[in-house]
Amino acid sequence: MSRRPYVREVPRFTWWLKKKFYTEYMMREATCIAVALYSALLIIGLIRLSEGQAEYTAYLEAMRSPLGLILQLIILAFAVYHTITWFKLAPKGMPPMRFKDEKVQPKAIVAAHYAGWVGVSLVILLFVGLV
Amino acid sequence: MREIQLEVLRYSPETDSEPRFETFQVPCQEDWVVLDAINHVKDHMDSSLTYRWSCHMAVCGSCGMMVNGEPVLSCKAFIRDYPDKIRVEPLANFPIEKDLVVVMDDFMEKLKASKPYIIPKEEKSIDDGEYLQTPLQLEAFKQYSMCINCMLCYAACPQYALAPEFVGPAALALTYRYNKDSRDGGKAERAHMFSKSEGVWECSFVGACSEVCPKHVDPAAAIQLGKVESAVDYFKSFLMPWSR
Amino acid sequence: MEIVSADVAIVGAGGAGLRAAIAIAQSDPSLKVALISKVYPMRSHTVAAEGGAAGVIRAEDSLEHHFNDTVSGGDWLTDQDAVELFIEDAPRQLTQLEHWGCPWSRTPEGRVNTRPFGGMKIERTWFAADKSGFHILHTLFQTSIQFESIERYDEFYATDLIVEDGHCRGVVAIEMRSGRVFLFHAKSVIVASGGAGRIFPFTTNGAIKTGDGMAMAYRIGVPLKDMEFVQYHPTGLPGTGILLTEGCRGEGGIMVNKDGYRYLQDYGLGPPDPWPRKKAMELGPRDRLSQAFWHEQQKGNCVSTTYGDAVLLDMRHLGEKKINERLPFVRDLASSYMGKDPVHEPVPVRPVVHYMMGGIHTNIDAATPIPGLFAAGECACVSINGANRLGSNSLTELLVFGQRAGLGAAEVARQVADGMPAGVETQGREAEARILGLFDREDVGESVAGVRNAMTASMEEGAGIYRTEEAMQATCDLIGQLRERVAKVPVKDKSKVFNTDLMGVLELEAMLDISQTVVHSAIVRKESRGSHQRLDFEKRDDEAFLKHSLATYRGADVPEISYCDVVITKSQPAERLYGGAAEAAAKEAKEGGSGEGKAA
């Protein structure tokens, strides 16, 4: 038999460094850790609040410390990256929709997500009195 | 006229222990595609260069290959869009048969197992004419019927590279196409390939398949929507066992 | 040599081959079908057809209209019994495809929609946007997957048909991936291997269309019928030859010369207005439109492109919405390959070789004169296409006659006894030895590309849109020499695995045999009819040439050309009229009391 198909090996752990597109995908997946981390911080805050005024103040101070701010900024950056990349993919996860007899374009779906984001942010900012 | 350096991955199973690159200096017309340059090599430089091609109009799906690392149809990859050095390799994630020809048995078997044909919801005689299908019902699956089986999506999919048992983008999109056809009633028969862990659930939504698809089939969308349906069906089977 | 036994062997897995295979599998699942193709089925060239398939479905249309359009479109060289059968079966076949899932474009009510094509009185072309062939092929292929009795042999290159005791009993083919030679021993054989557009330099046809099946049948003594009739499609892209469907004009596109003038009105197709209207101007038949281009070229009215003269196909007035809905593929092709977006600019086009009306001589049951051998699709000549095929009849043809070939071959297979006659294997071994012998050729400086380019250039020169005795004789002479030269083309690639160099030599041998039948059939037809136009014999001559030519193989010698009668049932030859002339004639006929459509 003269056939001898050649199988090219795929690097099991570094494949995602070969292409920007793959790296971005790994970033998108990995940045979910930041979202989880921030949720953890909020839960810790709740626990501290339940423990009493002093504990909660200490928690707030820790969050306002330079280290706390840097950590939150990093988390924010990752969370924003995570959000934007998922917004980009949103049209693929939506069943086909129609508006006024026309197919809703992927762009419109992404735009609606951003609009929702801005809207929710505004409501929260209003609620905490920052706007 | 522009001269390019065409680097081609060569592999002849009878004489090479592993693939090697060979470089050809190819004079190209301004409007040539990469396939034209490869044809020029075959006609005038080395008649043993091996690759598949036919229609030269991006519809037969034969000439998919990696050009500068990206899976493309070489008949629609214009030289003008590339630097002077162009590297051509066989489609990634498939075994190399020879030079740029890959073995695609795996896909053909998965396609067959996916049952990509109408399993009629209700039998109808030819004498009774066509099934009625509104433009809206057509639109529900039309996009997924545009697949030319060119295999670019498999070459782009890292999941398929790591887990070859994955049914893969094209076969899943075609399954979804038949599931969504108003004339079809075979969804349950296709679930064994579609809704299983090697089916839609193996997909981690990298989305590269849809990026490289030359026909805008958007297999990633078909798979995500398939996941939603698969999940709904799963819960339905618990909550409403009579709906099965 | 590997031996595979089957009941029916089919060469070619495009539209006709798949339709035949399905017909056999449905009618008799006990029959084993070997479906042999040099490419995966979805690569077959049926995939490239764009516009659609003709079948009477609209209430205002009638079989009579389809019959008349087809017969007059073919310049009365069609066999009318075959046409009658064809048009009657057409709607059933297209409906069958619909039941199999073909995504035909629909009316708002959900019925199948139709569009007009050239030479057509009422719109009767079923279409799936502008990818009809693609959808038909994939529907057939995917449907065929469910039948266990169909065993596919993908990427097997067939080289020989085997005839034992006057009955076709098998096929020899090379398994491309291993280089092994296979003998498919069968009780009947169907050839459905497509046309041979690749014998010309500018063609809409893919690289695989090298006439292999036609040549195989020809070499075992089946005549090739009406080979001089080669269709030029009027709207291909210069250079690449990429097809822009007739649907562009069906949807209302117009053709203009360099001055923006709708030149077709000067060639018996006018007046230009009102537009669009059927069977006039841009919706005239393909032969007339291609010939008009030639005249415009002579007059210097063309625009020039890198790849020579062209005229302009203008679709701008259709608007972006309609173009996107009805002609998205055309927009993509013209934009990518020509740099012209039809929404904003006219697209340069020129006539390009598109289709062979001629082919393997069959009767209306798709049977060839050799018992057990059937042929269908472009490789066959029934003939329903005559001297000029009507656009959108070919996709329907491969369904109608693909099915008939399948049923006929199944019937024969049921009658033939089991077991392989000894002579079949002997012939298989001879074929194998001949194939392996090709590797031993010495390199004397000949190459596939060298001989092929000489052939295609000469075919364009001698057997193009307009032909002369002198040019055809030069081509006859050259093709004869090239047949000698091809015997000296070496196979430089010595490997067994996927040897496309070997395949290139075999394909070239086939193309030269086919080229020779085309030009030798053409030179003795001393008249002009349909796509066969001679500057030295400008008139149609029914007295002498209302008959089919038959080219018979004579080895190294030139083919023998003989003739057989055309079957006429109800339409006597008349003048082919389009545009205003046709309307006037119809009016006159009506006033004279006879029914319109009955040719005088």
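To keep things simple, chains are lettered A, B and C as they appear, and every chain counts its residues starting from 1.
As a working rule, a contact is a pair of C-beta atoms (placed from the backbone, for glycine too) under 8 Å apart; a residue touches a chain by one contact, two chains touch by 3 or more.
Just so you know, these numbers come straight off a predicted model, no measurement behind them.
Colleague: Taking each chain's centre as the mean of its CA atoms, which one is farthest from the centre of chain C?
Modeller: Following the centroid criterion, the farthest chain would be A.
Colleague: A-C versus A-B: which interface comes out with more C-beta contact pairs?
Modeller: A-B
Colleague: What's the distance between the Cα centroids of chain B and chain C, rounded to whole Å?
Modeller: Using C-alpha averages as centres, the distance is 28 Å.
Colleague: Provide the C-alpha centroid distance between chain A and chain C, rounded to the nearest whole angstrom.
Modeller: Each chain's C-alpha centroid was found; their separation is 56 Å.
Colleague: Express in whole angstrom the distance between the two chain centres, defined as the mean CA positions of chain A and chain B.
Modeller: One centre to the other, that is 31 Å.
Colleague: Could you list the positions in chain B whose residues touch two or more of the other chains?
Modeller: 13-14, 97, 103
Colleague: Which residues does chain C have that touch at least 2 chains other than itself?
Modeller: 177, 495-497
Colleague: Indicate the residues of chain A shared as contacts by at least two other chains.
Modeller: In chain A, the residues touching two or more other chains are 2-3.
Colleague: Given the complex with chain C, which residues does chain B contribute to the contact?
Modeller: For chain B paired with chain C, touching residues are 12-15, 29, 31, 42-44, 47-48, 50-62, 76, 78, 97-99, 101, 103-104, 108, 111-112, 115-118, 120, 124, 126, 129-135, 137-138, 141-142, 145-149, 174, 178, 181, 183-184.
Colleague: State the interface residues of chain C toward chain A in the complex, per the touch definition above.
Modeller: These residues of chain C touch chain A: 177-179, 495-497.
Colleague: Show me the residue ranges of chain A that touch chain B in the complex, using the header's touch definition.
Modeller: Where chain A meets chain B, its residues are 2-8, 10, 12, 15-16, 19, 21-22, 25, 29, 89, 91-93, 95-96, 98, 103.
Colleague: Which positions of chain C touch chain B when the two form their complex?
Modeller: Of all residues in chain C, those touching chain B are 39-40, 42-45, 47-48, 92, 95-96, 98-101, 103-106, 108-112, 131, 134-135, 138, 142-143, 145-146, 154, 177, 206-208, 239-240, 242-243, 306, 329, 332-333, 336-337, 339, 447-449, 492-493, 495-501, 504.
Colleague: For chain B, which residues count as touching chain A in their complex?
Modeller: Result: residues 11, 13-14, 18-19, 69, 92-93, 95-97, 103, 136, 139-140, 158, 161-162, 204-208, 210-211, 218, 220-221, 224-225, 228 of chain B touch chain A.
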